[in-house]
Every structure is written in structure tokens, then in C-alpha cells.
């Protein structure tokens, strides 16, 4: 047995794993519709490469990685792309984001697959390319793009496979190891090949004896791979904790494991690597545990990425009446989802449909009594109680001094807290606020600079104008003098000027042609807007005056009345014209705002471009933004063509 | 030697200037809402207090006493103190921006810290000698700093507590100071100086 | 009274009370308020010095360079205090002995220098004197209040020993409020002074809060944003 | 059913604040029993009275603060405070003494700061220390152990401060007083020369052992960690041992310090108050050692017979500063020394 | 400030020096004038205060001239815990010393020194004792003040002769003087100090009464 | 009378020496500039809206350095007041309602079809966040707009809207749990859109 270490803290919640680990993995058939968020991973969202209406084969690339830290997305089944639109994301905020929606055709037809016959012959760059192309992201936690993690800057001496699965309830990795041990080992070997043959340690908690047996069975003694059985304790599966358990080393606080020569991958991830390289299949399915007392058929399911939670729940016979809390992920770190239309994504390892009272109820929390139990439990060796007080009092600076950023949000502290304080939420709040505040500070700094530039510019302009005025004055004086000297007996200048004005007037009158409908429309609109504004302003002044009992009030009152009529007239005129033209100002407004937005984005990007480290990416973004802009402009133009068309027709009729 | 030690124990703990003798309360209440500032104030006060007790001792022994001008002690001490403070402030401001950042805003406040004048007057009243005067001043300053820093750390904690509205701020600070003073009563007659 | 003067008086007595709000002059405030007589004596002395220093500082306000203004102000105050001290020795010697070091320490009563620098330095003599008067009175009132509180709680009496200050006619002013009082030492000792002061401040806060809510009820609309200026240009 | 939106973790241990408090209350029972055995019903009467007052004041203040009353009353913290005050007060204290102590501890020391969890000072100790300086006479009224009264007599004394058919000598030097003024005798010598005092010594030893037992129970129930109490006992024992070695005639031995007065009560029930103490484990060590040293200093050189109330208040007021400087090294952070090396 | 701050070095020095100096002169003048004007009445006050204190421990029939007019330089003042100048006073009637007033300091009070005045007649009987300065706890130890309690009068009439050595203690220690409940340290210290005063009176008897004759 | 002269001489001596040294120091150790204003300015939100009664944040910073109250900046709100209080070691006080109230941050959008291209908003914008030329449609550069709403009033046709900043999964964050607890009677009342 290899020596293992212990990490500080940790807790022992009830495991509840037998609910779901008794039966083999069941493959769930493709659902009617798949929803694939463009951002399923850490880093930049992918960019859709299909359009609504396109037919896609299973495994076909539908969104490509944007930039370095990003990942491809593939069609999990065949069918038509039905929409590219905003859908609810599997995110705590329950907000929506851009998704590709595929209506499956039930044929589940694979596109071209390129299995590798003898992966041993592949070079490192080939391997990396394949992993990247397959859109592999971490399947154990944060969903970090695998290809990025697997090209570390420093050399790697240890590959750690995270098979701890320390969260209660979840058994996806457990079942995966029992049933796919060989593939996992092969996947590990591929990763070892990619990383110059580091030793490999598989960290697995001692509550999974079958999985341990399966792995050991699949292991060939000569391989540089070892199964390390560790004590069951939450959160031994945390990357940093597992590394400490297996190597005794700690990952530096602002570093990544690669800094100390370690890479850590989840078992599911290496299985996905195997699939990608040996079978040529991109990452389009995953094993998801469906469990909780509300689930009649609790167990593990192989589901297509993009399957809606509702479909999975229905397949596992979850009684939605029984549950009021759906957790995606485990009970310690998972997040609640409120919309069952939310899709499963690459990192969704569990859906916990807890019956009421199965999970902790939300009690009133008492105040922290500084009992220190949380400190004893914290695997990051923080002082959760201090972090709590600071977060609560919004003392963010102090929270940072107490290393809030090192909190892995594991929830151990909140689990033990006798006052039942939702500590993690406090930390998340504080982290969010800190991020927002930093952002604001940066923005403020920029605003300040712009303000100062502007002030300077105004001063400069003023002095320049002054300068010019002076120059002009002297010049004029000189000219005058010269003129007078040259032509002392000129005709009466006033008469001449009058004549000029008259002439211009005549010209104008003759030049007047009937106005185009757009012009008329615009004029009417401006007139209406101006009267409306005047009215608004005056009535505001009136209320102010009234409040202060000014004598003006009476005068203002009259003006307001007059203006009200005027505004009504102008508005009526405008409205009449609009009806005549059959216009829809609302829609146009929306379109115009989108154009403006796109415009702004472009400008912003161009600014960044000047100083950017990787101009290529930004250029791409700019192109993107320009495309959006174009589209928006087009839409607007279309709308306006309607407008020009219609008035013509209106005129005709 | 033991005597000197006793002077220190006495001024720092037993007859703590702030909590027992009631001197220097304004800065104690005024600059104790943050630990950092309290530390700055402590440093500045320690420096000035020690220096001022030295200077006032010299003034008294060599200028006032020989001419029978004891009745001028208050005005000449305060003159000395104001001078020391202002001069220190100017010099520090110019020569060490860093130190000024730490001490700067506190120095002017010290002129009106009655602990400083109090030390000078008490030195005379107790007929302290040269070294005793300096030690007395230093001990008083350390005692002041000690409670100021403890109090500041405590106020930071109270600031995040759920204090009833009417007591927020100065009122609860006063009451805390009261309990602090209660705690310091424990040192009563530890040494009889 | 003009608004400026009303404001001065209200500030001194309540809104910006040197003891309750500015927390200045705390040392004498807490140290000599064991009984009403002590408090009254010190309050009176402080009031005199405050008025005097405000007057003098205001008179010379245009004749002192900035760099040395503090030493000069301090010197004026010190001179006044010394004079007061000598006078007290000559007139009420026993009280002087009781108040002890706190008479010369009026010099460093931050409230006095504070007023000199913040107000008298910038205002004409009549206003400066009014300011000194109201500030001093505000201070003295708190002093006496605290003194009464501590004397009552600590010893069960009020106005004991007033003759030290007011002469023989006050010999019998002592009011024994609680007979056979056991005495609550805590009130007389330093911790009691702090706690008592805390309670007074809290009482003021409560009152202010109450008043504010009443005011809000009466005039619910405090014009929001009325002080805005335009940063750029003017509106056509 | 509507789905909720909650932050993780969705799981919780069954631990509760009130459970901790109940443990503390139960663990005082051995000490209470032994104390009553030696000193009669006084402590018991006091305890009931104090509990009644504490709950009453707590309810009143909560009402004034417009807080829900029941959830806070049932957290048990006011009862713990009441118990500790009652156990620390002399068995012969009259009703009003307890009243003042409980009043100040619950209202001033606890609720003016915001109630459970917010108070920087140990409420029970504030009440106790305040009474000590306000009523030094009543607070030092420990009768000899032979002077136990019947319940009726004790009851009468409690309300009227007089007793029919009672005893004449009320105040009796406690072992702690003796420790201070032994005129060069060791405690055992004093005890052998005066059997009554000897009995007092024995009593205080048994009482302390009973509290020690209670403390060990709490330790086993994981109500607190060992750091603070062990550090306090170590600090006190070390100082006492050191001075005893130097001048055995003047300074009593460590074991005598550890087994007299309120040493064990404070070590396991008061120093461990989580709210007002230092919060990290390192901080608790510092806190405990500080209390131990201060207790020794005040006991040996100061003017109060037992020092734990002051020592604890003094350390309470240092606790925030201690916390500032005893942050543990977080995961992945370099120890300070090697970090500065790294910078070079 | 309307005054321009001087900019050149010398000007600045001069300005600073003159204005500060000017104010100093004015302040000094004002103070010293007050001092001079009031010094006599201050001195008188001080003397009166002292005389009042002295007369409190000495019934009037022992003297016919001001008590202050007959100060005594005490020798071996360390026995009374005094520091120099250690001065006692003689009560002189018809030219001869009838009694002595001794200042005594008790070092072992509860907090700090207790300064006492003890009046002793020529036969060694105590005529009066007063505490003139102490820092004992208000409400407890301060009962040694005559204002607070008459306890201090319990010394009147005592002498070494009528009170045996063992009685010079508080009742708790087996003596005849009451202790205050719960605060025995203070009375113990006072009793000791008064006793020391009597012993001193006995020991220095001749010196005290002969020197006094000189006045 | 001797005392009188002594007193005057000695005190004058002291004062003259000190005065001279201070006079010397005031020139020799003169420091120019006032870093505190910049420090204060750094804490202000730089919205440049003028609600504090000063034309821009810097002037308000200057005013604070001269003793003006720190609670006059509505865009900064409580957070800024707290930061200022920390910097200046003052007590944090609630926002002065006379200057406005803290509102969520908004961004200006110009309804471009209504914009008549008068350029008045461009002149009004303190941070040059509006683009456009005379008689042409104007747009607001959203990332540069501080939300000061100074462009609203000058617009003759009221075509500018202040729209709250959009919440996205990226800038969304948890709120403090207080809200959950406040409604202690029904813990599950927190936002719960219905599901199928």
C-alpha cells in the first residue's frame, strides 16, 4: 500500500449511495428535443456553426471552440436544428443563455467517425488534437476544457485520477468504474502517453469496493498505475484535497496542480478520452445519477448531453409532486434548478430529486456563536466564521485578507454549523460582490480618465477658439482697413445685404419640392416629440413651483394647458400619419437599439484590440460583432424598406 | 531597576491613563474605529508623549523653577507640546512620506490629547526625576496605545454586531469602554505606585 | 434671533453638542462627574474659558499666520485657564482642590481648541461668543446631567456639598433621594462613568430618532436630489 | 410543487446551538451537586432565581428589540449565563445581588450588543465582575462549610438577609483569601492548624474535581475543543509552579491553584464560551494561556481574591486582536518564512 | 486667513518668532498680573485651609496663638513615613507647648498612601485624627473621612497607656477598633499609622517639646 | 514685580525660539500638493453626475477634503460612504436624501429612430460616451456610459432611456441570505418559477 496523507477538516455526511448504485447503467434513448447551451464549460462560449433548419448527424460539430480555453460541442443525436435561441441554462441563476436546439429525428444516425486503430502510434499533438476536437471537458466538477489541462506548461510527474466521488448520493463514477474499468485504464494510458508517462494514482474512497475490485482487475501489474484506496470523507474528491491525500503536497494558493507537476482528471473524463481517441466519438453522452426519494427508478443513466431534465426525470419515474427541491449535482455542492426544461450538460453528474424532509429544511438560522466547528471542518484551512462575519458586514477587504478566494465552496462548514447558517451563500455573495466591485473600480478609473480628457479637450478647444477669434479679428480689421483704403466710395452695404437675403429667399421658395413621406413622417415625429418634451418639462417645473408656492405657478399653469393641447394635436397628427402609413414604431425602436448595441460592442472591441495581447482572437470577435451589426442593420433596413414601400403605396391609394 | 519596572506596570496596567485616570479619552473614542488607524495613532502618541514629558521636565527644572515661575507651568508646557507636535509633523511630512502616511493626520490631534499635558503636570506633581519622567511618559503612552489598539480591534468586531439602533456607534463604544475599565479594575493595587 | 444665531444655539445645546455628538472634552466629563457639585464647577470653568477663548481668537483672527495659529490659540487658551485657575484658588479654594488636575487640563479640552479653530477663527466676535456660550452650556449641561446620574445611583443623594461652590447658603441643599441607600459603587467608579455616558448618548439618539420619524410623518417629502448641479453645459 | 432556489449545501448535520447549550447545562450538574453538598441550598436557590430572571430579562429585551421571542429563548444561552452566574456567586448572596448581576449580564453585556453571538464580553462575567466592584462586601460572603443552613433558613436569608436561629459568623476567609495572606505558612500548614479551614480546602478541591468531570463530559461531547481550557490550566499551573519553586513559602503550589476557587469552573465553562473568546484554535491557545497567567497575577499580587472574572474580561477584550493575528495558514499558502525566502 | 504667508526663509522665521513672541508676552503679562494680584489671597486661602485642618484635630483650649505659627521640623521622620520637609505643629498656649500635631502617612492602605493628621497632647492622649488625603474606594474605605463616618473619632482619648499594645488593632484582628464590613485593610492601616504616631510622640518627646519652646 | 518681568522674559524667550523654529520649518519643510484629494477621488464612483452638488467627482473630493460631509454621492451609495469613512476615519452615515437616493445602475440608450441628431447629448455627456454627428443618429457606447443621466434633460425629443444593466449568468451573483430568513414563516417563498 502506498502511504497516504490526510487533509485538514472534512465531514462525514450520510452517504445515501445505495439508493442508486445497485443497478447497472441504463442507456436512455434520445429524447424528442435536445438543448445544447453554447457554454457548458469553463471559459469562452462556443460559436454555433449550424443554422436553424440544418440537418445534423450524431457526433457532428455544431459549435466550435472560441479561443484557447473553450470547447467544441457536437450534436448528440441526429435531427434538425430547430432554433438558435435563449433557453434556461443549468445555472444557479436560472437565467437563460444562447442554446442550439435540435429536434431529433429518432434515427440516431452517426456522422463520420474516425476511430484510431493503434493509438500508440499517435503523436502528442495528434492526441491533443483529438481530445480537443472531441470537445472533452472535465466531467468531475468545474468542466474545465480537457485539452487545455493536458498541455501543461511544466512537466508532469503524477497523473491523479479522481475516482473519489465523495459527495453523498452520487454514484455515476462508481457505476462507470464497475462497468467500464478497461476503457478507463486505456484512457489513463492514453493520457499518460500524452503527458510523457507520469505515474498514475487513482484515488478512490473505500466505500466503493466493487469499483476498486473492477479497477484492480483491469490493471496489469506492469502498468505505471496504482489504485489508492482512501478513507471516505467529504470532500476527499476535491482536487486539492485529493492531491494532498495522495502526495502530501498542497497546491499553491494561486496556482494550479500543474505547478507542482500534477494533473488531476476525473474518471469520466478519461473514459471520454478513450471514447474520443479509440472510438472516435466526441463527448455527447454522460452517465448521470438520478436519485433521491422522489425517484422511483433511482439509478444511473447514460443520457445524451442536451437532454432536458424533465425527460430524464420522466424516464427515471421521478414523482415531481413529492419533491420541492431539484438539485443538479450532489447535496453538498450541487445547485437547485427551478425549470425542468433545463438541459443536462457535460458536467451534470447527478440529479437529486429529494423528497421533502429528505434534505435539510431551511430553518431560521441563528447567529454565529463562533463555536469554531466550521474551522475544524474546513478543508481549505480557513476561518469560515470570520469569513461569515465579514461577508455579512460587507467587510470585503477583510474577507479577502482571510483568504475568501481560497474557499472551494465545499459546504463542509455550513454542514456542521450548529446555528445552521447558510455560510456558503454568504461566501458566494461576498465573492460576487468583490468581483462586481473590482469591475466597478476599473470602470470608474476609465470614466475618470475620460472625464479628464474631455475637460482638457474643452479647455484646449476654448483656448483654440479664442486664439482663432483673435486672429480673425485682427485679420478682419486689417481687411477692413485695406478695403476702406482701396474702395473708399462703395455702395450702401446694408442695401446690398438686404438684396442678398431677398434673393436667397426667393431661391428657396422656388426650390421647395413636395416632401417625401419619410421626411414628413420625421418632421411630424420631431414636432410631436418636442412639444411632448416641452410639456413634460413645464409640468415638472409646475409641480416644483407648486411645491414651493411660487407665484410663477399660475403662469406655468397656463403654459401647461396650452402645451397640453399642442402636444395632443401634434401627437394626433403623428398618429394619423402613422395609421396612414401602417407603421410599427415599437418594433423599429427595438431594432434600432440592437443596432446601437452592436455598434457599441464593435467600438469597444476595437479599443481593446489596440492593446490586446492576442489580437487574433479579438479580431475574430470584431468580425463577429460586425456580423451581428450587419444583421441588425439589415433587419432595420428591411423594416424601413417596408416603411418606404408602404408610404408609397399609401400615397398611391 | 525594579522601581522603573514598577512605574511601567503601574502606568500601563494599574493606573492606565485612559481607563483609570481618564486622560486621552477623545482620541481613544475618536480614532479607534479602525485597527490600522489606531496603530498609527499609538505610534504617534508614544513618540510625542515621551518627547513631551522629557521637554517639559527640562523646561520646568531649568526655566521655571529657578525663577519661581511655577505658575507658568501650564502655559509653558502646552507651548512646548504644541511646538513638539507641530515641528514633528512638519519634519515627518517632508522627510518621510511613508511615515507621514502612517502618522500624519494624528499628529495635530495629539496637541489636544490631554494625556500629554496630563503627563507633564503629573510628573511635576509626583516630583518625578529625569528618568522617571521619561519612563512615566513612555509608560503612559504604552498604556494608552495598549487600550487603544485593543479597543479598536474590539470596535471592529462590534461594528459587525447586531447592535440596537440607539446604541450604534458612540453609545455602545462608551459602554464597551466601561466594561474594559471594569476589567482593568482587576489590576487594582497590583503595585502601589 | 437670526437663523445663524438660532442654529448656533441649537448646535451647541443639542445637534452638535460637544460632549454627546463630537465626543470632545471627554476626560473631564468622565473624571469629575462623581457628583453634581464637581460637574457644575468644572462646567462653569469650561464655559468661561470657552467664551473667553472664542472671543479672543475671533478678535485676532486676521492677524495670525496659518503655520503658527495653533500654538497661538493654545497659548491664549492656556493663559485664560491659568488665570481661571489662579482666580479659583483665590476664591473657591476647596473646590479647586477637588477638581485638581482637571482645571489645568481644560487647556487640552479638545472642545475648546476645536471651537477656536473651527468657528471663532472664521467668524466675527459676537457670533464667536455666542458659539462659545452655547457650546459651553451644552457641555456643562451634559456634565451636570452625568454628575446627577452618578451621584444619585452611587450614593442616593443629589446636590451634596454644593456649598463648596456656592458658599454657605447651599449648606443644606443636599437632597437625600433614597434613604438608607446601600450605595451602588459601580456608578461612582470609572466604569460607571463610561456606561452612564453611553446611556445618555443612547437616550439622545432615541430622542433624535423619534423626532425624525415625527418630522417625516409631518413632512413626508424631503425633496430628493434637490441639490443636483449640472456638470456639463446648460439645458437649452 | 414549486421548486425552491437555495444555495448548497442542501444537507445538514443534526447539530444545533441549543444542543450545545443543553450539554453545558447538564455538565454543570456534578459541580452543582457537590457545591450544594458542602454549602447548602444557597446555590440551588440562586440558580432558580437567576434562571427565572435571565429568561424574563431576555424575553423583555427581545420584545423591546422587536425580535421573535420563542426561538431565542429556547436557544438556551440565557440559561447558561444564569447558571454560571449562580454558580459563581457566593452561596449566601441575597436576591438583589443576583438580580443586579443577571440584569447587567443579559441586558448590558448581551443584548446591547445584539444578543447571542454578538457580545464581545462574557455576559456572566460582566455581571459577576460588576457586582464584585459594586458590592465587594456581599460578594465576599462565603461562610464556612460547617455553616450549612436548612432550606428554610437559607430561603429566609435569601430574601431578608437575616436568619433566625442561624449562625453568628458569616464571612469566613475562603481558601483563596488564605492563599494571599498566609504569613509564610503553606496551605497545608494552615489547614492542619485550623480544621475548619482545612474543611474549606477539601470542599473547594471536591468542587473543582466535579467541574473537571463536567468539563471532560463536554469535551467528549465535542461541545468545544481542548485548546482553551488546557491552555488556561497550563498557563496557570506553569506560573504557579514557577513561583512556588522560587519561594515555596510565599506562593502556593500549582495543584493548590488548580483546585481552589473557580479554577475548573472557569477553565471548562467560562473560558470556553465560544462567543466572547478567540475563535481560531491557535487563538484559543493564546486566549487560554492569557487567562491562566492573568489569574495567577491577580490572585497573587492584586487585591481581588479570585481573579477569573477579571482575567476573562481582560482576555475577552484582547480576543479580537488575538483573532487578527492568529489566522491559521490556509491551504496552499506558504508558511511566512519560506514565503519571504521565495521573494528573494 | 487674510494674512499672506511669508515665503522667504528669513521673513518666515521673523514672522513666526515675532508673532508667537508677542502673544507670549501678552499672555505672560496677563497671567503674572493675575498671579501677583491674587497671590496674597491664595496664600491666605492655603493657610486657612491648613489651619482648618489643624484645628480639627486640636481642641481650641490647647492653644491661644495660630497653630500655623509654630511649625516643627521633625527628625527621624521616616518613622512616620514622611518625606522631607517633614513638618509638625505645636499648640502653644501662654508660650508653652501644650500639644503636638503630627502628620502621619499610612503606606499599607488599600490603594495608595493615606495621609493623616494626629493631634496628641503632652500627656500622650489623642485629641483628634483626620484623614487629609487618601485614594481608598469611595463607599468602602472612605469611611475614614470624617465627612462620611465618625469612625475616625474612635481614636479620641486613646493613649499608649490606656490602650495596651494588643488592642491597637481592628476588632477582626483582636483589637478594639471597628473594621468596616468587608474593608478591613483601610482601618487596619489607619490604626497602625495612628499607633506609630503615638509611639513617635513618646520616643521624640523631649525633642518635640523642647524645640517647641524656642518659638 | 520681579516675577512679572521674569515671567514675561522667559515665556517670550520660549515663544520666540519656538516661533522662529516653526517659521523656519514652515519654509524648509514645505510640502506641495494634497494627496488626500486624489485618494478620495479614487473612491468616488466617477459617474460625474453632479448629484453631490459639485460639477464632477473631483470637485466633490476636494470639498470632502475641506470638510464637506461624505454622504452626498448617491451613485456611490453606502459602499462609497463606507469606504470614505474608512479612509478618513469618520463614522459612516446614511446617504443624504437631499442629494438623491441610491438606485440601481443604469445605462443610457438612445431610441435612434427618434433621435434628431441635435448633438445636445454629446455636449452633455461628461465622459464622451455618445457617438454621432450633427443630424445623424446617435448611439451610446454602453461600456463607457456611467449612467449619469445628464444626457436626458438636454435631449429636445426625450429619446434617451435609462435602462438597468442586464443580468447575465456571468455577472449574476447570490444575494445575502437575509431575504430568505426574513420571511421565516414560509422558507420556500423565494423565487420559484413554475415548471412543467
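All chains are identified by letter, namely A, B, C, D, E and F, in their written order; residue positions are counted from 1 within each chain.
Following the convention adopted for this analysis, a residue touches a chain if its C-beta (ideal position, glycine included) is under 8 Å from a C-beta of that chain, and two chains touch if they have at least 3 such contacts.
For clarity, every value in this text was computed on a predicted model and none was experimentally measured.
Think of each touching pair as a link: the shortest run of links from subunit D to subunit E has 1 of them. With steps allowed only between chains in touch, the distance from subunit A over to subunit F comes to 1.
With every chain reduced to the mean of its CA atoms, the largest distance from subunit C is reached by A.
For chain pairs B-E and C-E, the one joined by more C-beta pairs in contact is C-E. Centre-to-centre, using mean CA coordinates, subunit C is 41 Å away from subunit D. With centres set at the average Cα position, the gap from subunit B to subunit D is 33 Å. The centroid of the Cα atoms in subunit E and the matching centroid in subunit F are 64 Å apart. Note on chain placement: the centre of subunit B and the centre of subunit F lie 36 Å apart, centres being C-alpha means. Residue positions of subunit E touching 2 or more other chains: 5-6, 12, 15-16, 19-20, 23-24, 27-28, 31-32, 35, 110-111, 137, 140. Within subunit F, the positions touching two or more other chains are listed as 3, 7, 10-11, 14-15, 18-19, 21-23, 26, 28, 48, 56, 126, 156, 174, 177, 180, 184, 188, 191-192, 195. Subunit B has residues 30, 71-72, 75, 79, 83, 86, 157, 162, 167, 169, 172, 175, 179, 182, 185, 188-189 in contact with two or more other chains. Residues 35, 149-151, 153-154, 156-158, 161-164, 167, 172, 175-176, 179-180, 182-191 of subunit B touch subunit D in their complex.
Subunit D contributes residues 1-13, 15-17, 19-20, 71, 75, 77, 114-118, 224-225, 274-275, 277, 279-281, 284, 323, 327-334 to its touches with subunit A in the complex.
Contact residues on subunit E toward subunit C in their complex (touch as defined above): 1-3, 5-6, 12, 15-16, 19-20, 23-24, 26-27, 30-31, 34-35, 38, 41-42, 45-46, 48-49, 137-140. On subunit F, the positions that touch subunit A within their shared complex are 41, 44-48, 56-58, 79, 82, 109-114, 116, 126-129, 131, 137, 139-144, 146, 155-159, 167-169, 171-177, 180-181, 184, 187-188, 191-193, 195-196.
Across the interface of their complex, subunit C is touched by residues 108, 130, 133-136 of subunit D.
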